[in-house]
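Both of the next two complexes hold subunit A, though its partner changes from subunit B to subunit C.
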Partner chain A sequence: MTRFVSLVLLPLGLAAIGVVLIWTFYLAATGEAGARLADLALARVPETGVSNPVTSVLLNYRAYDTLLELAVLLAALLGIWSLGPAAPGFQRGGEILQGMVDWFVPLLILAAGYMLWVGAYAPGGAFQAGALLGSAGVMLALAGYPSAGLPSERLLRLLSILGILAFCLVGLVLMVLGLGFLTYPPELAKWLILLIETGATLAIGVTLAAAYLGGRPDHTSEVDAP
Partner chain B sequence: MTTTLLAAFDILLSLTLLALAAAALTSAEPRRAVILFIAFGLVLALVWARLRAPDLALAEAAIGAGLSGALLLAATRRAKAHTKEGASGSPEGQP
Partner chain C sequence: MIDSLALAIVAPLLGAVVVTLFPRHAQRLGVAAAVVSAAAALAITAVVWTDGVLRSELGGWGVPLAITLQADGLSAALLGMASLVALSVSVYAGGYFSSPQDGERLADDSRSRHFWPLWLLLWSALNGLFLAGDLFNLYVTLELLGLSAAALGALTGSREAVEANLRYLLVGLLGSLFYLLGVALIYTAYGVLDIGLLAEVIAPGPVAATAMALMFGGLLLKAALFPMHFWLPPAHANAPAPVSAVLSALVVKAAFYLVLRLWLDLYGPITPLGAANLLGLLGAAAVLWGSWRALRAERLKLLAAYSTVAQMGYLFIGFPLIAATAAGPARDNLIAAIVLLALTHGFAKAGFFLAAGMVQKTAGHDRIDNLGGAAQGLPAAAFTIGLAGVALIGLPPSGTFIAKWILLEQSLILGLWWWVLVMMIGTLLAVGYVFRVLSRAFNREPTPYRFVNDARAEIPALLLGALSALVLGLAAQPLWTLLGQGVIG
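The block that comes next holds the complex of A and B.
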């Protein structure tokens, strides 16, 4: 049975995937795709509340996708937490590493705030800002802070769902007001997007740092501030 | 002149990317593979920048190379500890 799978089914499946990929590439490279949405989308960017086309796609046109991405991140974190307690952390870094961390962590947090704000009109946004926050946590963990600067378990749980919470609350309030789920009114769009992105940034940063620690948060451990 | 120079740079980038991908995939040692993967991510960030997608370049450098690399390194560290435990535990009759 396993021989049948490995000798017949697997090569056939791989060949089918290959044919589909080649066919797709051929169509994309040569075929007449008809009217594309890019022009229409680009023409209406001013109505989305932000002037960076990438952010307008991620948080306005396709906000659903971003919401689901945050859900995927949360699911990954839950999976990591279900694996049991975290491994013992690193030993405390030496003087030089400690000094570097003391300088870098505030700078990374500042850069994350900048990245979040600048995402409205230039490359940047919630995911990049969250990654910077997460890397600040990784740096603290490597320097020997056992909780990587993360808050206590109760607050950590709240922070890790903050992105989805902000998204869903905004969507539901808009639904109650008679608009569609995540259909922002143009005059409020900028602030709603900023609100969602702030929540998402905190959630992504906390999720990535907690994922680096690995394992369930220890609810008996004390908070250690950087 | 500038276009030929840029084209040469692009070709060099693509070849480096392919070579790093092949090296990371065929590396026998997990730790080495992860480090090659991080290098791959950094070169890929340059490629995105050359394709005029600075958003993707930022995300790739920060998440693809930086944080995924850190997570994978932590995973290899754990996997090593795990296999060592398993190897020392197996003579006791554990399957």
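The block that comes next holds the complex of A and C.
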């Protein structure tokens, strides 16, 4: 009976759901729709302070969504920390790995800076740059640095909230100035976005690296940062 | 120009940031942030009350480009309830995590450090969810809510708690993804995400029906509607008491709010009666099954958790009644009644869990059969459980009484007698499980001489219980006024 269910009924049911989804998606994609959001967003990109449409959506049109996404990252990190200290890390890598890591980590950090800057007019931005920073941390952890190059707990906490802090402060200052929450004045938009993205890059980078370590920062192993 | 809607979301968020930065002072800073957050949210409820619907388009782009925040009567009512519960929980948590227990001072201190930032993030997600007017933004708030809730639930650190909350996390993610799939379908078809704009263009058909099935499927999973309630009892029963209170009173309520919001604003007018009947049927099953399991539960917190499953059921019985009633005062009364039911349950269950936590902390366990002395040694906690019980059963003068009265009356008018039967049986079972606990509080132990033993823990619980049992029923009229702001009438 259970074999019948798992081998016949379940696949058939899933296939039926899949067919319905594809069919309705086809109907939705080919159906008549009025003014679409994407066209409108593309048309107004020049007013957003950046020329990369993805960045203009993430940091300007829908900046509030991105603020909450950063809060999701912080919640994930705090959740990981609440579960206990990290497991002991890997042992120190061999000489070749060490040499490679010594080359790669500065390059990754440099590339992250480039990604952050280029996000204004080409594919890139805080999330990509943060991912590169995070991968530098992962690389250090794999090569046997127990703290993955992350700073002391106090500084780590500061870095991990930097994105939210930059977002909230910019938003609140603009609100107090009478422009509205996260309503950038067009002439300052580029710089405000860069400011927020810089904070977000650092926050995303340390969050990913710290999440990879998988536990609360240990007070005793603060000495071995490279 | 102060945007009070954005402020209500940013206040707890900045609180979380500050508490993360200064973990040593988490408690003091956390309580301060809680006071500010509650004030910011209650201010919105007050303004909606007097001036009507509040709206804000973030970023100055105007709809449809901007994300809108909106507070109508429904948002304001839930926001007000959530703020009062959250403030009480914050005051309670200040005492709960810092009072030493069997020399466990150290472990508790570290739990308090982890509790505050996650709790304030959860609060900010709740406020964001109640105020959002944009389908995708709602998804982000759901993610933040689910993630912080699961992390908080696991704070006890016991194996059962971690296991139950890992399951909760995965179920929550599945629910969010179903919801997101529905949003993607809607966006493909209509090209906008603002609920107000969608309500004007959405048309009945396979696309809308599939999107609704996906979104409701995900949300019902999060609202723990029978038979998708399996994750709730272990997750809620194993969490620390203040967290259980928040999960049961607010987090599942947020998913219900979203179902109601989407139903009223978007899907209700284009959905056949069958869908509403299905919701009602699942609700009825939840009432019967949840109440029965609560009656059989051996532990106080597990009883409260199963009671939540049952009480969520009543809320969904409202849908077929709303769908079968023509627009007018009768339908408005029904909507107000299920909102009143949700609010009352929010206060009652939060008070119940806080009191249960107090009992558990004193007795060292929460097995109902062995509670006698403990419950009697804590008159305020036992009285709170009694008050919350009044609201859970639906005795007058609780808000539940009025709400159930309206639901029963309308079912009879419509000739849908089977809903009456379900509600009656559910109420009877609720009497059973509430009195099972209360009877343990009145056995032949020596009479205590102190009513309140730990003011910081007991007073917030007591106030919540009193709100649910006494205030909401006697003063239900204001809710009708509040919902008059853009929802009914």
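Simple rule for what comes next: the second predicted complex is superposed on the first by the 199 of 226 C-alpha atoms of A that agree within 3 Å, B and C clash if a C-alpha of one lies under 4 Å from a C-alpha of the other, contacts with A are read in each partner's own complex, and residues count from 1 in each chain.
Keep this in mind: a contact is a pair of C-beta atoms (placed from the backbone, for glycine too) under 8 Å apart; a residue touches a chain by one contact, two chains touch by 3 or more.
These numbers come from a predicted model, not from an experiment.
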_Residues of subunit A touched by subunit B versus by subunit C: which partner has the larger set?_
C
*asked:* Touch test for A:V54: subunit B only (first), subunit C only (second), both, or neither?
replied: first
*Considering only touches as defined above, state whether A:A211 meets subunit B (first), subunit C (second), both or neither.*
first
*Based on the superposed arrangement, let me know which partner A:G79 touches: subunit B (first), subunit C (second), both, or neither?*
second
*Which of the two partners, first being subunit B and second being subunit C, lies in contact with A:D65: first, second, both, or neither?*
second
*Answer with first, second, both or neither: which of subunit B and subunit C does A:Y145 touch in the superposed model?*
neither
*Determine where on subunit A the residues touched by subunit B overlap those touched by subunit C, and list them.*
none
*Taking the complex as given, what residues does subunit A use to touch subunit C?*
20-21, 23-25, 27-29, 31, 33-38, 40-41, 44, 60-65, 67-69, 71-72, 74-76, 78-79, 81-84, 157-158, 160-161, 164-165, 168, 171-172, 175-176, 178-184
_Which stretch or stretches of subunit B touch subunit A in the complex?_
54-55, 57-59, 62-63, 66-67, 70-71, 74, 77-78, 81
*Contact residues on subunit C for subunit A in the complex?*
1-3, 6-7, 10, 13-14, 16-17, 20-21, 23, 56, 58-61, 64-67, 114, 117-118, 121, 124-125, 128, 136-137, 140-141, 143-144, 147-148, 150-151, 154-155, 157, 162, 181, 185-193, 201, 205-207, 210-211
_For a test of understanding, state which residues of subunit A touch subunit B in their complex under the given definition._
54, 87, 123-125, 127-128, 131-132, 134-135, 138, 208, 211-212, 214
